[in-house]
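Labels for the chains are A, B, C, D and E, by order of writing; each one numbers its residues from 1.
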């Protein structure tokens, strides 16, 4: 809509820039943008001057140069002959890895602690309270250092696993050492394709069964034991085919050879310490969110469900959880965001995340602080914008309908 | 009370109160920690009876009602509902809960489900009714409480009176033999109280066994067979409505009546 | 209406309505986005006039009132208040706002300030009155609305009726020449309505120019020079109160009056 | 009471029943244990597991604590004492490192004879923050709150008092300009004039004037360079200055984000999102590695100041979101009432909106502060000696090389006590506000 | 110019390690001491006449160069290796070498390794942000061996990781290794492998472009070295300053000629620098030498006359 006032013909006076509501906002914005522009160009100008006087230029060419350093944990091919760009990629993947693992574990811990904190069991509730307060009120950095120290101080060394050593592998297959944890991997032999196909098919089967069960309930009212059947479907056919095909998949156990274990997957101490610390720390915050979410659902809802004859389990699933999730998920996602950002504390334990590769060694070896930090900041910014964008979509999709 | 309601004035003598016992409470006591909330309650409710419970705040009315479908546990005495004794046996509790409907002061509708889903939830998951059938039943009762057109809205979109009527319909969908009401109208604006009371009166006409905590004395006069007055966790007086209002015996009852009728 | 008020019944003929124009609205239109809220409003208010505006909900009464002190911007037509045209000129807006007092349905007192501070805020910061003087003025008006003893309390400690009277006093402290009221009594409990209406009647007696959106028909009968009926964003009918109530012309007015007087 | 029947319903109680004790099973320790620890098989298992866990943990930690050595001058001495007293395989903490170095942990390398200065600064901080946190404290103290940053600077860094005084004078000049120009030509012009005059003062006049005054009247405390700051004092200084300085900025950003002026709104949004989207550690590296690039060639000020600037910007984005929440919680009627009384935008903000919005935001602000305080430990990565950084330095001395847990336990406990206290307070405030609103 | 800035501030800003045993660490009173620190003190003494007028700025491997480039410190004396790219590309001027070092490995004796070439597949702890990680990568690559790097931030952490057995070998400059080993409870259980995989000349550095300042730092260091060569110690300093028959000593201590003026300082500058902590040998002995727990031998860092590499250019 436009402002069609009678007095538009009225001649323009300079003072209207300040006192006329129509022009005033324009004036303010013009002044603001001039100030912003000026300060930005001041910063840029300074930077150019400083770069010049230091004899540096601004270019990202270093990304294609040889990196020259090694990275212990790499999810993609990398060696010291690779480029700095590739090192950054390795770092990015490592950051994402620890963030994803952290979010998953933090959620599990947080939900368990949050629910147990509401438990009627006094001692359990208290213990969870201690956990939550201890982690929320001590800096994350300290926890990372502490857990790292515990990992490296109190776990056995690989050589303790030698003959006569006093350590042994967990279940004969997992080696917990002070250099990290070695877990078995699977080796896919001939016929394993079929097994994979069977497995995928049984997942499809579960999905089909669930559909069928829902249809059937709608039609006849009968409630099928979905959980147990699903579990059975998940395990039985695959297990059957595993033996029919003559055990095509074998487990590759970690074995002690040379200085270290070989074979299996090596979860390094740095990863574990960072992962655990991030999860425990964020888990404490999530526990409070979960607790708050459940408490936010009034007692009346449970009572109404009970009064209708619903069992506690179903009450939880059909009434409490769907409501609590709406309260829980938005702050939960911002905790995920925090966790992702906090993963940059990897520096404390030498986990090679993007800050350590691109923002650490690369910058240090090439002297490209400006470019490196820009890329680093840009990466985190994009990551958090993506996550918070997803959160907004979710929020608007589950908003309760009100009058 | 509105004209409509008074036109439908129920002839109390006409109503069929069978000799069958619906609820039998004997020597029941309950404590909250050290606090003795319910003291030696003895009460027999016959099938088809409509009982109104009143009394000052904190006298234990809600607690009494909630003990009947085991939202609170009693510590001494017996409660037998429809021939089933309330004990720690989960099966008995489930049985009783699915036979006893309850309507709360604050409606307690499930805000994440539509009205229809609110009504079909329990039939589907407790009674194992097929969905289609459950929806038909639900629509029947929504019709009865006069809001079938709201079936696909969410509780948040309805007025208080409408919400409370949905809550009643939701309970009815389980086809309970006994209905408990805990101050169903006290959270409502005056205009809405009438809608809800009308619905309850209609239910009463159909011979539903009802226990109702309420301070709507008009309602009590019109539909109750018996009015029970509680104070300090005890049943202090009970009588037929006429007698109770015109001729209260105990001093406490008199005081109470003078307060609530006076204003 | 209370006895007190009726004792003070205002002789309408006696009141001095000057020929001077207080508010002149001509050809005014307003849209909210696509929605045409106010359609071609023409209205002249003379100094000393007391105008009551009524009409169904959503008819644009509040919006009209709020346009007069530029809480809403109009898009077409002219509004001249006290000789100053409401345009985009901030100085004019400031001038008009300090000459026009407004009382809201929900009082909108500032909860972090005491009653006295609420009243002296605008005089001190807008009129640049010395604090002492401002406080004297404030006490004067608080006396007038009969709550001088509450001056040092906070709004949260007062009842609704008292709060609304403070809101009136707060407006008066700016010594406005025109007062706007937007349903000043509709958020109040019945007992409190009277206090507020009495205050308004007293104001009216003193010859304040008043525009009042209200459904208190007693008040309209008693003090208004003119009653304006709005519907769908238009002025449908306006007349002297007697005529308006006894002899409404338009069908809509009749329907409306039957509804609000009926209940 | 006898059974009642529909036909013989009437019943009147003549004697009221007295209150009785609940049955034995319903009271006392037995009931408590049964209900709280063993109310079902699942609960019983949980209880036993928890007890086991507690036993295990305490079993490891308690002896270590109980056997701790408190006075020794080096780790070797500690070990000797342990060997003598308990035998060499006993677990024993060596808290002697704390008794030896606690001053450093608290004050860094701040001169011993000047410890009273940070302590006084902390006490004064309490006085300065009181009127903000507690509504019952006289409003007049707010003037002291405003002056506090300068007092704190003069106390901690020392040197001539004219420097901070002249900076403060800039605000005074701005205020006067605001008053004069504001009266003459409206608030907007007033604000521009105020900012301009203050900036001119700071850039061109404050330095020389301070210099002249300092040489004419040299008053002030012994100067202490930033490098001597360390330990918890450093955490407190960064945290406290960060939060105090970020408040005005955060409020402006929040207003900007609420504003319907497109450019200002978008600028605020971008600023807030960029700051919040990037980890603090990256900002700290920016402060230490890049800030000098952005400033005019030749400017150089110490790392701590740069860190404080960064932390302030960082905190202001968070504060902005907190304040925005407070603003959103205010009913629209408050704005309208202010408008209809003729208050202009800034007066309405200052007198009506902000006092209320800030009050609602205090718990959020305290929480932000806790987060910031914990995050100050990250400065260790850019070479500042915060408590964690000091643990490194202490271990780098030959005496205490190899000591580990004791230092972490000490640092952790200190942080826990501070943060837990503050978070308790903010929860208390939240509860109080919730009841206030009803 | 930097000299004027330092004089104006009446204090020298010196970048040092955040904590490396023997080289730079604060004591319980917060007084910094160590081998690198001594260089700063000598410069301060030479320029300002007071060895205590130094402001020590702890820097990490990551922040040290920026600190110097941005002027946050006037001189960086933080066991920094003199390399081509640092000197030329990063635009710094190394003013000499105060310690000739090389990267080595430390292992537990019971690991059964006697040469670095046997470390194939080993887990190696390294400090990040140094030349070490590049050397390490190159060395293992050249010898066609694989390894698992465990990057760590500070020496303290590296030591802790190594002791706990989280890595088989710890690699850093030999001086650092020796210093670290010296503090072990069971130092004898550990050994340094004979291989030195790199040249690590460590020395103080200043910004490019201020030759006068670079000269001051360079010649202060040289003065310390020369003093040892000529037998000037803090004990006999006064006596020597009164005049000797060695003109070189006389020029050094300002009894003859005025070398100080050429630097923009006064005559006694070198005397003060030596008085601050003694000559090079005394500093070495007091901070990291065999008499200290760290127990480093002079080795390469002996005077050229003793078969080492220390060789101060003539003072004339």
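Annotations
Please note the rule applied: a residue touches a chain if its C-beta (ideal position, glycine included) is under 8 Å from a C-beta of that chain, and two chains touch if they have at least 3 such contacts.
The chain lineup, named per UniProt: A = ABC transporter permease subunit; B, C = Amino acid ABC transporter ATP-binding protein; D = Amino acid ABC transporter permease.
Predicted, not measured: the structure shown is a model, and the values here were computed from it.
Seen as a C-alpha superposition, chain B sits on chain C after a turn of 160°, to the nearest 5.
More C-beta pairs touch across the A-D interface than across any other pair of chains. Taking the mean of all protein C-alpha atoms as the reference point, the chain centroid lying nearest to it belongs to D. Averaged C-alpha coordinates give centres for chain A and chain C that are 58 Å from one another. Each chain gets one centre point, the mean of its Cα atoms, and the points for chain B and chain D are 53 Å apart.
Distance between chain centres (mean CA atoms), chain A to chain B: 50 Å.
Averaged C-alpha coordinates give centres for chain A and chain D that are 27 Å from one another. Shared interface positions of chain C, defined as residues touching 2 or more other chains, are 90.
Within chain A, the positions touching two or more other chains are listed as 18-19, 24, 149, 153, 347-348, 363, 369. Multi-chain contact residues of chain E (touching two or more other chains): 62, 66, 69, 153, 160.
A complete list of chain pairs in contact reads A-B, A-C, A-D, A-E, B-D, C-D, D-E. Remark: chain D residues 79, 100-101, 104, 108-110, 112, 225, 227-228, 285, 288-289, 292, 298, 300, 302-303, 381-385, 389, 392-398, 401-402, 404 touch chain E in the complex. If you check the complex, the residues on chain A that touch chain D are 18-19, 24-25, 27-29, 31-33, 36, 43, 46-47, 49-51, 53, 116, 119-124, 127, 133-134, 136-142, 145-146, 149, 153, 341-342, 344-345, 347-348, 355, 359, 363, 369-370, 373, 376-377, 380-381, 383-385. Residues of chain E that touch chain A in their complex: 61-62, 65-66, 69, 89-91, 111, 119-123, 128-129, 133-134, 136-138, 140-141, 147-153, 160-161, 164-168.
On the side of chain E, the complex with chain D involves touching residues 11, 17-22, 24-30, 55-60, 62-63, 66-67, 69-72, 153-157, 159-160, 163, 183-185, 292-294. Of all residues in chain A, those touching chain B in their complex are 217-223, 298, 300-301, 303-311, 314, 318-319, 322-323, 326, 400-403.
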